Amino acid sequence: MTNRNFASDNTAPVAPEIVKAILAANDGAAIPYGGDDWTARAKQRFREQFGAETDVYFAFNGTGANVAGLSALVRPWEAVLCPESAHLQTDECGAFERFSGSKVIPIPTKDGKLRPSDLEPYLKPVDVHFPQPRILSISQATEYGGVYELDELRTLCGFAHERGLKVHVDGARLSNAAASLGVSLRVVTASVDLLTFGGTKNGMMLGDAMCFLKPGLGSETGAFVQKQAMQLSSKMRYIAAQFEAMLAGDLWLKFATHANAMTKRMEERVRSIEGIRIARPVRCNAIFATMDHGAIERVQRDYAFLVWDERLPEVRWMTHWATTPEDVDAFAGALERAVSG
Amino acid sequence: MTNRNFASDNTAPVAPEIVKAILAANDGAAIPYGGDDWTARAKQRFREQFGAETDVYFAFNGTGANVAGLSALVRPWEAVLCPESAHLQTDECGAFERFSGSKVIPIPTKDGKLRPSDLEPYLKPVDVHFPQPRILSISQATEYGGVYELDELRTLCGFAHERGLKVHVDGARLSNAAASLGVSLRVVTASVDLLTFGGTKNGMMLGDAMCFLKPGLGSETGAFVQKQAMQLSSKMRYIAAQFEAMLAGDLWLKFATHANAMTKRMEERVRSIEGIRIARPVRCNAIFATMDHGAIERVQRDYAFLVWDERLPEVRWMTHWATTPEDVDAFAGALERAVSG
Amino acid sequence: MTNRNFASDNTAPVAPEIVKAILAANDGAAIPYGGDDWTARAKQRFREQFGAETDVYFAFNGTGANVAGLSALVRPWEAVLCPESAHLQTDECGAFERFSGSKVIPIPTKDGKLRPSDLEPYLKPVDVHFPQPRILSISQATEYGGVYELDELRTLCGFAHERGLKVHVDGARLSNAAASLGVSLRVVTASVDLLTFGGTKNGMMLGDAMCFLKPGLGSETGAFVQKQAMQLSSKMRYIAAQFEAMLAGDLWLKFATHANAMTKRMEERVRSIEGIRIARPVRCNAIFATMDHGAIERVQRDYAFLVWDERLPEVRWMTHWATTPEDVDAFAGALERAVSG
Amino acid sequence: MTNRNFASDNTAPVAPEIVKAILAANDGAAIPYGGDDWTARAKQRFREQFGAETDVYFAFNGTGANVAGLSALVRPWEAVLCPESAHLQTDECGAFERFSGSKVIPIPTKDGKLRPSDLEPYLKPVDVHFPQPRILSISQATEYGGVYELDELRTLCGFAHERGLKVHVDGARLSNAAASLGVSLRVVTASVDLLTFGGTKNGMMLGDAMCFLKPGLGSETGAFVQKQAMQLSSKMRYIAAQFEAMLAGDLWLKFATHANAMTKRMEERVRSIEGIRIARPVRCNAIFATMDHGAIERVQRDYAFLVWDERLPEVRWMTHWATTPEDVDAFAGALERAVSG
């Protein structure tokens, strides 16, 4: 039977390569809290992929990595600028504000992407009456399935650094973005100061990584925020082994390329269906589309997916490493039947 | 080759029964964030073991469960009373203070156990100048490998409730305590308000559980603190499946009984060695002993374990589900050789 | 010489009636931390003005009162909705987020006032992924010198309560609003749950008051948040005596009426000046106006006032209890000269 | 009638010299938030008294100054070591923990004073599992009315700095200590990094000062923590003018010397009374004494003072700038009558 869940890439099971890595790590005693060999090797893989200066601390989930990582870089009277669609702003239940004491300043965007002109009005002279912007946080891929082009990133990071901001990339779906752009992880994170690199949405069981990409950036703080943010796993090897597998053989790329291709296939199948309008550029593993309420209701009898915005209504469909062409085709068929009533 | 790591029960690999449960859960799509069937079944197992009112929220690790659980019960001007040896006080890097804003009040003890007379001096009339004690937090088993007897628990919990305190049990090693006492999990947590039940030290890969044992206690708060404390796993099924396996067939008891027995075996082997003094009652899966610095150094060439207190010096040896009689006997032999120079 | 500072009502000195009250309180020993007679009498005056259920805690300043008061009503996973122009959002350096751990959700407005339709999009079903709105915080008078009419307040508070929100009024300039509306303090705060009532901008030396207006609302929390938010004065009588004087003889009304009248006089003088456009309705003691950069520069050689928005540019002029008709007329003359170059 | 309140030095009224300074400051408009002339002059006085590098930020009260000042120097995974009798630990309702997220580590002492040997056990190698000690906080005078001798301070500060700690002095009663030691404020704070200098207990209406005594220590943070900790007064001149008066003419010394002398007089009167035992060295403006419950009850019919420890019982009597010899003699007489039944 085909998989009928297009709600999110976190509905997917764990990929067999990852399972294998976990099982291989399950071998005898190991030093806890990251003193083990798997952790050492996984960190080496990160340095290979992201640069020799990369300082990595693992976290359990994306919220943990975002909150701990950002907290290492801000003081409580400093603020984080992000798109108002950022996961940090909309989906982390204020964990960052609670843990760090800092303010998040959400900036309206049309497409989930920020440009220098969006930031300008928030960058005022130092004033004790308002938290001082210190970090620019963007998502690559964006929460709308978009990607920043390399030149957009260069311009934006350059502007941010000029204005005294550090740049954080929420990379829950960085792999999908890099695959879409056809570049390495290192190229897609050039100029970035802090990356949170997610594995859960790309075939892992669980695990995220705070990567301080500039020399010294996390050296006094990374390990402490990891621990204090409740993200230090005692049996670290089981997270490390997954990342090792993901990065050692470009498994991340294989999975992300597949997921993106399945979404592209869906786009092709759906584009011609009357009654469905693809609402945003399709760049990674998500499609946002509008269709009428009745059709949504009909197709949701058999399929799971999110209604992103009830008012339009706009829906989101996601694919992942395990989505098959058959899953996509069956879904496209169901959509077609649903819109035709 | 025998296992030469007696540093902690978190150096152990994952038990095969748990691996099997994880693999079984790796089957197709699942609703994320705990909406899946494994989570539903695991929660049912908790209710069977701890009572029908039990309200369970999973966490990634013990620090996460302690911090999130306690934060659900205190306001920032309220305080937690605990032994000064509590994991909460000594090993969580102030995560509770940071996340909750509340104060931890550590109370000196001889053996890691609190009695009503220890608490009395801290229970003063309401006064805005000092955080009001609101929670009594104890560990069962204790950080010194001891256990509270059932009548001690009854007396202590009764006293705490009379004086307006709620009772939290840090149950990172609750299974070992229950096995040692020969009672069910429910009996050993009678009168307790909040339990944090650990699986990682008893054969799981990772996972802890906040269990609100009184009706309504966590109903408005549990899910929010779980999320805000960065403990909500998107692929929850992989934690839930482990707990389901642990509780469904009393696997927890099998593992804990074995770990305790291995420590008992070690106690028997070591008791007669001249130059080693067992420093505390041996009740679960840890031995605390004193021996001279030279002997420690010699045995640590081949074996890993903690020097708990450099000054005496006092060492700690732990066993776990995977420790074998051969491991123990080999270690006892090594100890004997080490002390005889 | 006339006063040439129209920057804010907090540039004013302390009114003689307030000085007299402070000196009268400076008499012998007094019980500290609010156990004194002046505090008792001042609290009684609040109950007379705001209703018999009013539970009052003094603070040093408006930020302290806002942060402590709101913190008494929210849990860290709950949020405060406010206009994006709110002092809480723009001028308190994130103190609320840091102290409470909660999120502030700023809502765009045209005039600093919120209506039910502005709130509606933020009131979604319970979802652990986002902080739950729990408080509606509005300013009366608004930061733009506007006021909510009584029927607007009734409608807005009714809507908020229906939707499970409590209502906070930032009353740094409540006196000016009540004077403008011609109603009592009680009438202008009907339906409000928490009021922070400011004295500093209306002739006092310093002092703000958290007023819990509904029975029981602050009874378990008010005193603790006052202390923990560093707002509990040991020599409380000197704050209390000021409030006693303000409320005993309707001094608040006298000062606010005068300040409003001075602004009205300025409006009349300025309205006819070509090159100055009054940009917002003038209701209390502030005028917002646009004029060209050169004119601003010329008049600022002799007068102090804020450029609110550099881009238009829009300026703000404020009057207070001590502003004289001569001050206003001289300023209007200076403005006229400045715009004519 | 004589003053019958010996409960605390904060029961005193405001000294006439201070009142005069406040009234003199009440003159026309002033720039708010510390941009005024009084603030500039008061800061200059601090530099004269404490050294040219002194960077001062005013606060409303001692808790505010302690919390804001310390928060400028610690990160949330760093800890403050202090005597367990410290005001920070016992009387600030956990404000520091809540605001900073950091841990306070209270150290038992006999007399409220710390020595290097008390600190040694808390200074362990870096370990992410426990908050790293970063600040040593001591009180001068101590909460038991004692003082650190200059050589004790030198030794303690030298030890702290060697071990990577910064030194904070809670100087709520620094004036009394300096007067008792017969040295300048600068000498008594040599080697100190952060001083919180209190005025309220020595004749002021209200006001405390965070003084960063080392170059650059507070330069990026002082103003922000002052604001974010809700300690930034809009009408700052009224606090600044008080400090200006205190420091310009050594008024601090006159008041403290007097208060100390009154306590010394009381000690002399009381020493010979049978049934009263002076329990601690009398160095400043507090006497700690033991006497029986009945006598306490009898004398408390007419006099206010604290029972410090109910169990002994031990009481505390304090004098201040306004205590007269007649007050003291009358109280000594009352004590004599009370103990003789």
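To keep things simple, chains are lettered A, B, C and D as they appear, and every chain counts its residues starting from 1.
Methods note: contacts are C-beta pairs under 8 Å (C-beta built on N, C-alpha and C of every residue); 3 or more make two chains touch, one makes a residue touch a chain.
Values in this document were obtained by computation on a predicted structure and should not be read as measured data.
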Query raised in the report: From chain B, how many touching-chain steps at minimum until you land on chain D?
Result: 1
Report task. Specify the chain most distant from chain C by Cα centroid. Result -> B
Requested in this report: Report which interface contains more C-beta contacts, comparing A-D against C-D.
Outcome: C-D
Report summary line: Rounded to the nearest Å, the gap between Cα centres of chain A and chain C is 42
**Report entry** Interchain centroid distance [CA atoms averaged], chain A/chain D, Å
**Finding:** 51
**Report entry** Rounded Å distance between chain C and chain D, as computed from the means of their C-alpha atoms
**Finding:** 33
Report summary line: Residue numbers in chain C touching two or more further chains are 76-77, 92-94, 98-99, 101, 128-129, 224, 227-228, 232
Report summary line: Touching chain A in the complex, chain D uses residues 33, 71, 75-77, 101, 128-129, 132, 221, 223-228, 232
Report summary line: Residue positions on chain D within touch of chain B in the complex are 76-77, 79, 90-94, 97-99, 101-104, 128-131
Query - Footprint of chain B on chain A - complex, ascending - result: 3-5, 7-8, 10-14, 19, 22-23, 26-32, 59-61, 63-64, 67-68, 92-95, 98-99, 200-201, 205-206, 224, 227-235, 238, 304
